[in-house]
Amino acid sequence: MSDAALHVSGLKKSFGRNRVLRGVDVTLAPGSVTVLMGANGAGKSTLVKAICGHHRADGGQMTLAGRPFDPADVADAISRGVVTVHQSIDDGVIPDLDVANNLMLDRLVDGQDGLFVRDRRLRAEASKVAAEMGLTVNMRTRVSDLPVADRQMIAIARAMVRAPKVLILDEPTSSLSATEAARLFDLIDRLRAQGVAILYISHRMSDIRRVAERIVVMRDGAISGVFDTRPLDYEAAVTAMLGHRMNEVDIRQRTGTTPLLELTELQIREGAAPITLTVRDGEVVAFVGLLGSGKSRLADILSGLSHPLGGIMRINGTRYAPRSVEEAVGKAVFLSPKDRGTNAVIPGFDIADNMTLPFLRGVSLGPFLSTRRQHKRTGDMVERVGIVCQSVRDGIGTLSGGNQQKVMIARWLLEPAQVLLLDEPFQGVDIGARRDIGRHIRATAQGRATLVFLAEIDEALEIADRIVVMNEGTIVGEHISDAINLAALVADITGPDGPETGLHP
Amino acid sequence: MLRRYFITLTGAAGLALGAGAAIAQEAPAPFDAPQDVTIALVRYLSTGDFFQAYLSGVETQAEALGVNLRVLDSRQDAALQADMVDQAIALGVDGIIIQHGLTESMRDAAQRAVDAGIEVVAFDVNVENDAIPQIEQSDYLLGKLALEQAIADNGESFAAGYVYVPGIAPLDRRHVAWEEVKTAHPGITEAARIGTLDNPIANANANQARAALQANPTISVFFAPYNEFAKGVKIAADEVGMSADMSIYSADISTADIALMREPGSAWKATVATNPAVVGEVSVRALALMLAGQDPGASVIVPPTLITQAFLNDQDIRNMEDLGEKMPQFQHADVAMADWIALPSR
Amino acid sequence: MNDKILNFAVRYGFLILLVGLIVYFSLAAPGFFGPLSAAFVLQSVAVTGILALGVTCTLVVDGFDLSIGAVATSALMLSAYSMVILEHPTIVAVLLCLGMGALVGLLNGLLIVKFRVPDLLATLGMMFLLIGVQRIPTQGNSIATGMTLSDGTVAEGTFSAAFLWLGRHRFDVFIERLLPMPVVIFVVIAVVIWLFLGFTRHGRLMYAIGSNARAASLVGTPVNRYKIAAYMISGVTASIGGILLAARLGRGDIASGNNLLLDSVAAALIGFAVLGAARPNAFGTAIGALFVGILLQGMTMMNAPYYTQDFVKGAVLVAALVFTFYLSSRRSGAGH
């Protein structure tokens, strides 16, 4: 593999006790596109950050064009020819400067041109760079006035000014429309032709089909699959990513009888097919799909955070169209959001305050909180869900991640729900806590409709009576848990074959 | 005696005229066509009653002369004030009044104005320039007169409280009088010294004065040579219940101060003040003399007036207008006068 | 063992320091120890304390109100304008001021939640606006009975006895005429805000917003309404401070109120350190204001010049912030 642009072997990285990378081997060849896939927390971003100099690895080696590569920091990695375009586009551009200044930013930084900026020369050189990249924007336009796609192009073009050997694109299409994405792919083709080694990180199957020559899949901090024989086996890749180790699932199927939540012709996203679905009383339905499949969007709409483009929602036959979370909570539709750190935990509060936060009225006498009631209700719930703590007065920060998550879920079990929405309830939770939470959700499911939004198939199989697969903002398949056809499920998640691109002759 | 002193100082100003009766006669150039004369007032300080009154004096005297007035206000920005002098030069004004400011920032700007052939007077700022007369209210005399009254009322031996914030030019000059009096009268002791410019100034000083009075109940005289200080001390004296046992002597005056001095049982016995409006008028007149080719003298001093509680009560004075009526020397100063200069009507 | 000492220091350090100060001044400054002196200390911190309680509410929702000083001096001018020039009765003047405070708070809140102006910038803008606006009706002059108005007439109104009573009355407690009215109002507001922030669900939700606004909104808290309410509380308390100031001074002084702002923010920040709370709280704010007041009273009685007072205020604030952010974080780190 001496002709490899970048060779990574045995890369290790831990944060505290958390082993994020457990010996990763990846090779990137010049003039080819390698797609990196992996679910949340698989270690993709840590790997990228180690390569681009953001983290120092704890173990393993990297070689760049045959020479040892151990970047001290981001600037060092860039100067050696490893350039990264991050997911958040505005990290890659300076919105208040014009296009020419953005393209030439590195020249401004390295200071070779002396103290004064010669705008005319700057613009001339920037135009040259833009022409090479097939970019046609006015050099004097402020970047903040450009559409997202152009900004993305400029971020990439800026990276190309440094003539990189390795280019890492992290979810580059996540905020682009289809036509905008097509322009990006043309650009990628051109760079490939110039001999750049590209590492492309994405969840979008359509993107992957369009650009991938090789697929590398990560799971739990290690490489779980490499696919480089054509035609690429996308379904195998998705399986490698999501895993399907069959746990001894012990679900007594409940289908329920009374329809509780009814969605009719609900359109959640521009251009997506409408959704029609019924969830019955006592049923636990899991929604699975890749990132960007529309799961979170559906959860947001049901919880009043955003609004559908069309269609009708009904609860118990009554029209339901919440304008805010407050209204949804008022109608007993509860959402436990994903990413508890940013969306759910109140870091300054103790367990009792955190748990009772939505229902403080219920533990108050008039406007005054009754600490006694609050502690009683919290204490009961702590016992039922099995939260490990010394007292309900403990700060939430003293709990482990799994116990914090239990508090966040328990928060919504304090009062009876009509519809309970759980977005990634097992995020950052160990297997024991996951079982506890799942058992409790199933045990209390009677009297409500429970919708669980998940990326991992294993988790869905553990908790759901029914698994609904989403893709491109709509429902593409339904599977009953006790009669699961795993291959069909994975095929649904992967999505229908996109148009062949002619990339792989 | 004081009066004569001032008249000699302003010798070139000509003889005094009866207030309000002046009629412009055969005005020298350029005041034969005053509408073509423009003067500029370049200010450093502008917020507060004193500066408002000063401005009104400048405005009324400029109007009486019939000249155009441009007011440039730098709002305590020293660099901006210097730029404003340059602006005034560029505007082609005939004369400039520099009102307060810092010597360091104004010295060169003032020189540029002089070089451009513009007549300049300065109020309460030393621009170190022989061609520029100083208009001053004598802060030293303000302090001196107030303390003389304190000694007249209380004898030559008492425990005093004193309000002082060093580094503020007029307060520093008033401070000189206090040091002199203490040296001259060993019986006068400074039992407590307080002072802050935290705003609201009266409120902050009231808090301090109250602590000082509590710690030193023997204080019988409080020298607070600035009316905001005096007001704070008075509030404190009332709150501690010492108003009957002590006297406050201060400097400066406003309508509100008159009300406070006249409150029944008020400890505020006397103040010494120069009418800021008069200072404004004098500034314009001194500049007018220079424009007409006459010399107002290197230093034009506006004499201060002693105002006692007894006088206010006897004359039933309620506000500054009453004070001007009943105390003509407060309403008008025979300084920087000429028979061709019309005085503001009153 | 070490942890225990640290814990104790963080929790009671400031209160012990406060007691130590009182003991020291009582020994060093004759006349410091006594009910009269205590009443005076309380009176000197009453106005800044009231403002500080308001700013505490905005700190709780992770905001900040730089306009409180200007609101207070605007209320000072407005009450004077209302009574001296417009000759309104006391109740009208007081209601006008309170209404003005609520309106400014509402505008601050709307600027912040609707127009997405960062809190510091919105309230800074409001501060300048108010400093200017309070001077417009009188062309920059202070307001006092007998002043000549721009139309040549003389202002005949006076501050009514009832209004001055608010700032000057003293109740007989232990000894005659001891407890000043502003202190009573300060204590009442402190208790009300302490109850509100610490013991009502509204207060709890406001703390939740301050700690993680997104999480609070996702459980259905009307975050924007609470934020606006916090700024309105801050505006109203600041206008109460201004009313008391006007009643004490007996005239409408033009002033920027910047020192009021700085002193009350200092009190609220010192309050973080009291009882190791490490977050804004009404009890701490009141103690913080008292702490500064005792220091200044004691130092003035010992004839310390004014600049040492600023120095000491700064030193106390820095020490309190170290208590809050360094020691408290060490403690919670140890608790893991």
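Think of it as A, B and C in the order they're written, each chain with its own count starting at 1.
To be clear about the criterion, a contact is a pair of C-beta atoms (placed from the backbone, for glycine too) under 8 Å apart; a residue touches a chain by one contact, two chains touch by 3 or more.
Every value quoted in this text rests on a predicted model; they were computed, and no experiment measured them.
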item	value
Between B-C and A-C, the pair with more C-beta contacts	B-C
Chain ID, smallest distance between chain and overall C-alpha centroids	C
Separation of mean Cα positions, chain B and chain A [Å, integer]	72
Rounded Å distance between chain A and chain C, as computed from the means of their C-alpha atoms	46
Chain B and chain C: spacing of chain centres that average the CA atoms, whole Å	35
Junction residues of chain C - those touching two or more other chains	none
Sequence positions of chain B contacting 2 or more other chains	none
Sites on chain A at which at least two other chains make contact	none
Complex contact set, residues of chain C against chain A	195, 199-202, 204-205, 207-208, 210-212, 214-222, 279, 332, 335-336
List of chain B residues in touch with chain C within their complex	46-49, 52, 165, 192-204, 206-208, 210-212, 214-215, 217, 231, 235, 238-239, 241, 254-256, 258-260, 318-321
Of chain A, residues touching chain C in the complex	303, 305, 324-326, 328-330, 335, 337, 342-349, 353, 357-358, 360-361, 363-364, 367-369, 395, 397-398, 411
Chain C residues within the chain B interface of the complex	29-32, 36-37, 40, 43-44, 47, 73, 76, 135, 139-142, 144-148, 154, 168, 177, 180, 245, 248-251, 253-260, 263, 296-298, 300-303, 305-306, 309
